[in-house]
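Order as written gives the chain letters A, B, C and D; numbering starts at 1 within each chain.
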Amino acid sequence: MSTTYLEAIREGLWEEMERDPNVFLLGEDIGAYGGAFKVTAGLFERFGARRVVDTPISEAAIVGAAIGAALMGLRPVAEMQFADFITCGFDQIVNFAAKCRYRWNASVPMVVRAPSGGGVHGGPFHSQNPEMWFVRTPGLKVVAPATAYDAKGLIKSAIRDNDPVLFFEHKALYRRIKEDLPTEEYTVPIGKAKVVREGTDLTIVTYGAMVWVALEAAGTLAEEGASVEVVDLRTLLPLDRETVCESVKKTSKVLLLHEDTRTGGMAGELAASISESVFEYLDGPIVRVSAPDTPVPYSPPLEDAFLPNAEKVVEKARWLFRY
Amino acid sequence: MSTTYLEAIREGLWEEMERDPNVFLLGEDIGAYGGAFKVTAGLFERFGARRVVDTPISEAAIVGAAIGAALMGLRPVAEMQFADFITCGFDQIVNFAAKCRYRWNASVPMVVRAPSGGGVHGGPFHSQNPEMWFVRTPGLKVVAPATAYDAKGLIKSAIRDNDPVLFFEHKALYRRIKEDLPTEEYTVPIGKAKVVREGTDLTIVTYGAMVWVALEAAGTLAEEGASVEVVDLRTLLPLDRETVCESVKKTSKVLLLHEDTRTGGMAGELAASISESVFEYLDGPIVRVSAPDTPVPYSPPLEDAFLPNAEKVVEKARWLFRY
Amino acid sequence: MSAADLAHNCLYYMSLMREVEDRIERKLYRQGKIVGGVYVGRGQEAIPVGTALVAEPGDVLFPSHRDMAVFLIRGVTPGRILAQYMGRAGGVTGGRDANMHMGDLNHNIVSIISALAATVPVAAGAALALRYQGKNGVVFSYFGEGSTSRGDWHEGVNFATVQKLPVVFLCNNNQYAYSTPLSLQMACANVADRGPAYNMPAEIVDGNDVLAVYEATRRAVEYARAGNGPYLLECKTFRMTGHSAHDAAHYVPKDLFEEWGKLDPITRFEARMLAEGWGTQTEIDELRAAVHREVDEGVAWAEQSPYPDPATLLDGVYESS
Amino acid sequence: MSAADLAHNCLYYMSLMREVEDRIERKLYRQGKIVGGVYVGRGQEAIPVGTALVAEPGDVLFPSHRDMAVFLIRGVTPGRILAQYMGRAGGVTGGRDANMHMGDLNHNIVSIISALAATVPVAAGAALALRYQGKNGVVFSYFGEGSTSRGDWHEGVNFATVQKLPVVFLCNNNQYAYSTPLSLQMACANVADRGPAYNMPAEIVDGNDVLAVYEATRRAVEYARAGNGPYLLECKTFRMTGHSAHDAAHYVPKDLFEEWGKLDPITRFEARMLAEGWGTQTEIDELRAAVHREVDEGVAWAEQSPYPDPATLLDGVYESS
């Protein structure tokens, strides 16, 4: 019985709600309607209005209320209808939630789920990848699964985590990927990257929907005789620098890939980290493939040009091999 | 007649308001009171309530109103009382202002002034360096002057710019630095870094208050026989990658320094850029000195430990020279 | 304008909006020619029409996502709008943004962003600018009842009232925000109940009666133009569709659709026209046919408009670029 | 509690707050022992005292920056508070944060962040949790009139009223927000005028009369605890200082200080105590002396508390770290 990425998240929520009566959900249209993407479909029927709370259109209140409930010992999971709207609850996340523990030793075990990413012709406000706003904010954890397995395992870990976790679910993966998941319970640890393909000539470090692009590119490059290792970060903060650096030590070449725009993107942090820690192992520049520095355009030909794809990765990798 | 950094900003505002009747100011307590830091002192008396608008405590409305006025052809300069509160008007900046031109070709010639930075014992909410939230947002320009000369020249350029500009003024510099400014009018171009000290053995790239730390460190290192070049970015977006890379080509060693916390900081973007463009010139790892990944603590001994200083820079530089 | 001319205008723009949106939602979207979200204002046409017909050329309008008639009334052609939905270069945003996320300062229309009510403080700023510039324009700020829950709404309205700015706040209360009914959105019964919080006059009007909306808007605009500050107009109506083209609105009790269907602003107004003698059935039929032709032409125009050139992807992030 | 006991408590906590803050602002700050911002509630003590004395142990309090008595009433010692201001390890946040940015869940007090009104939605969430957990606690959410301009205030109050949560919203309307007078903050005359926007009862009380505040708070808390939803209490008062220790408040008309000085909540209440026979002058003098001693001890305790060890800088960003 194959499970989609979206169903995997729902299963994770469901299991945690069954397991722990302190877990509850809040967000816009998540109740009887089941959420804009139907991630929470069925949960209202199962758990009722007490544990699946429909809210007004108030992202600051959604996040704020989640913080308040978390401070009182509950485990709220807030949904942003689209990750793009997280900017409306921004102060609550980066100033309230992120700093409580450091400032006054108060736990905020809250999860904010945010459907992010492009490739769905959503245009500038339904396609963004806002992860870096949070990766640069100490006190938050940031998760961005690429597979159904990880999506389920990470949402469960996020809910059990005693720190605020931002959970970026990639919209383009919701129904596009399907996997057989274990029938027994499992979790996936926060803070651990995963080598999803082993290789010896080049490391591609990436996350989210781009993992699939990296794997496709790795396949193409394999046909050309290049052995490419793909590291899926899975968690962006805290960052598993070790797994990244170990891979670079092995391959000596690295390509950083993200769907997010270039300047200030995750690739920067990775480049700095790699250059600081394993500089002597590098035998070529650290290269990046990413979206360019523009808003996400709507029209399909523009969006296609905007998004990174396997072709662009392969081309950059070839350049690096020639270097 | 020496001018402080703070006075330089005030002079820049004043001159632009005299020059262009479309320039006006809005913010909390900026009128008769002259602003929390007195940057706008005297402007209300000179230009009146029409052009120096006191607002309610509403950062989203301040930024939003600035956008609306800018769309109508005015040149608003909004003040955040502290840069930390910019998170309350975040959506307006990153989603409204930043994307207008790309989406529908509408100019938003607005400036948001934001007193940022630590070293004033302000604690977690009056000391932050929020620049990277904006540097990763295409459509914005981000400026962070280190000297009175640049502060004045850049605020004038920011006001004349037809794109939204975030102007981070470092609170610790407000009254601490003083310079003789030209009596004739001048501006400083947005998007141009400056080599503020020439050297041949190491490049330190930095901005804001850390320019002074870098210069102090360069002085110490000079005594040890090392010739250090210091690049003051001045503008963080668009980033003057060329000046940075030219310097690295010359020195082959680079230390990236910022007061902002480490992960996701400006150093990452610089490291990626350097590694991509001038990798072959590097003869050592790209190293970083920054604040650690914590909120900004209040208590002086903690804040002192948190902030980068010349000692930490010198130590890191020595390590790099030994490499 | 004579009563008959006004009536003709009202019917024309309501019908044109209806037809453009029907074509978008029921044809082009289903044909896959429109990708992404489609939100229509079916059943609510009296609101953008009754309000925007009051606007002077110097007034600045901030339509929301169910106010298409505002564009039509200001002279944006159906072709450009249809091309917008289809992501074509000839669309209002040239393919950069989707659906109702469009604006054109040549027509004094500012584009919404997706975040609801984000335009409210921006509208206040535009009003500040009009007054600053010594113009006597009024700003029209549109939103749904659900959007009044947002902090930006509050901050924008508060700032506008403190500054006594020339803004009319135009709320379409269609009783749902996506799947969320009024009772889960606010504890008060009417959006107009929020007026006193800002010491702002607030009026409730039948949002399915285009002339009632028109008259109320005139009062509101006159008040604002005279320098008295903002005015809130709550237009009671009903969303006769799902939230968007992919939403079947199972959560809406069926009888509400039936009940409100009887109050369809176009059907109702046609009857009124005949009753008042503002037009004949023949004229109405001709108007309908003309609207059809106009939209046919718009669709043809839009379909021949090319997709934007990917080579332009990087252009226009900044002025110089 | 007898009327005399209540009166004694009121006077004790008002005096203690006054004395702690005087010591902070007029001594320690000027001696350079406190770096960073200092905001006091001089002249407003009746509000935190009259409200917090109503709170049950299970109630959760969200004091703002002029509500120090809330901490004292909940059992946070003057020493810990003074150490907090001085950035010492013994302070409530151990030197991590400054002044009134402190909280302690052992006392059911949640720390504000600096962004005004950000606690309002958080307070709503805490109230949701109390109801969820089947507890019958009430949440006390404090803010100044200026903070009601913030979007978070609106969103939090709206959510709380929609959900009928057990929150009392306690506004100190001291007529200034930093240098900004009420008239530039809101167009309505009273914060209570905002109640109807949320279909929430709103009451105005003399914020310089501790017993009036106490009685009104009892009404509010009873209403909320009974499950009727939020209640807004506007306590009219006046900020008898500058915004912070470095602000001389030149922008406040001098006669306002004089006028309101006559209404000082402590002086007034002492007179009332004598008049009602709730205490004698001797008892009052003794209370004052005891408060002095307590604060002396607190200062001594704080001064002997070490600064935090820089080696702890990185601790506690996350649970595990």
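Following the convention adopted for this analysis, a contact is a pair of C-beta atoms (placed from the backbone, for glycine too) under 8 Å apart; a residue touches a chain by one contact, two chains touch by 3 or more.
Predicted model only: the values in this text are computed from it and were never measured.
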{"item": "Co-neighbours of chain C and chain B - touch as defined", "value": "A, D"}
{"item": "Remotest chain, chain A as reference, centres from CA atoms", "value": "D"}
{"item": "Cα-centroid distance, chain B relative to chain D, in whole angstrom", "value": "36"}
{"item": "Chain centre separation in whole Å, for chain B relative to chain A (CA means)", "value": "30"}
{"item": "Length of the line joining the C-alpha centres of chain C and chain D, rounded to whole Å", "value": "45"}
{"item": "Chain centre separation in whole Å, for chain D relative to chain A (CA means)", "value": "41"}
{"item": "Multi-partner residues of chain C (at least 2 other chains)", "value": "93, 96-97, 101, 113-115, 149-152, 155, 158-159, 162, 184-186, 317"}
{"item": "Two or more partner chains touched - positions in chain B", "value": "55-56, 58, 60-61, 84-85, 87-88, 91, 95, 99, 102-103, 124-125, 138-139, 293-295, 297"}
{"item": "Topology of the chain contact graph, where touching chains are joined (line, ring, star, complete, other)", "value": "complete"}
{"item": "Residues of chain B that touch chain D when the two form their complex", "value": "28-29, 31-33, 36, 54-61, 81-82, 84-85, 87-88, 120-126, 292-295, 297-302, 304-306"}
{"item": "Chain A-facing residues of chain B, complex", "value": "84-85, 87-88, 90-91, 94-95, 98-99, 102-103, 124-125, 132-133, 135-139, 237, 239, 256, 260-261, 263-265, 267-272, 275-277, 279-280, 282, 284-288, 293-295, 297"}
{"item": "Touching residues (chain side chain D, partner chain B) in the complex", "value": "35-37, 87-88, 93, 95-98, 101, 113-117, 146-147, 149-152, 177-180, 184-186, 251, 307-310, 312-314, 317"}
{"item": "Chain A-touching residues of chain D, taken from the complex the two chains share", "value": "60, 92-94, 96-97, 101-105, 110-111, 113-115, 118, 120-130, 132-133, 151-152, 155-156, 158-159, 162-163, 316-319"}
{"item": "Chain C residues touching chain D - in the complex, by the definition given at the top", "value": "149-155, 158-159, 161-162, 164, 183-189, 193-194, 196-200, 229"}
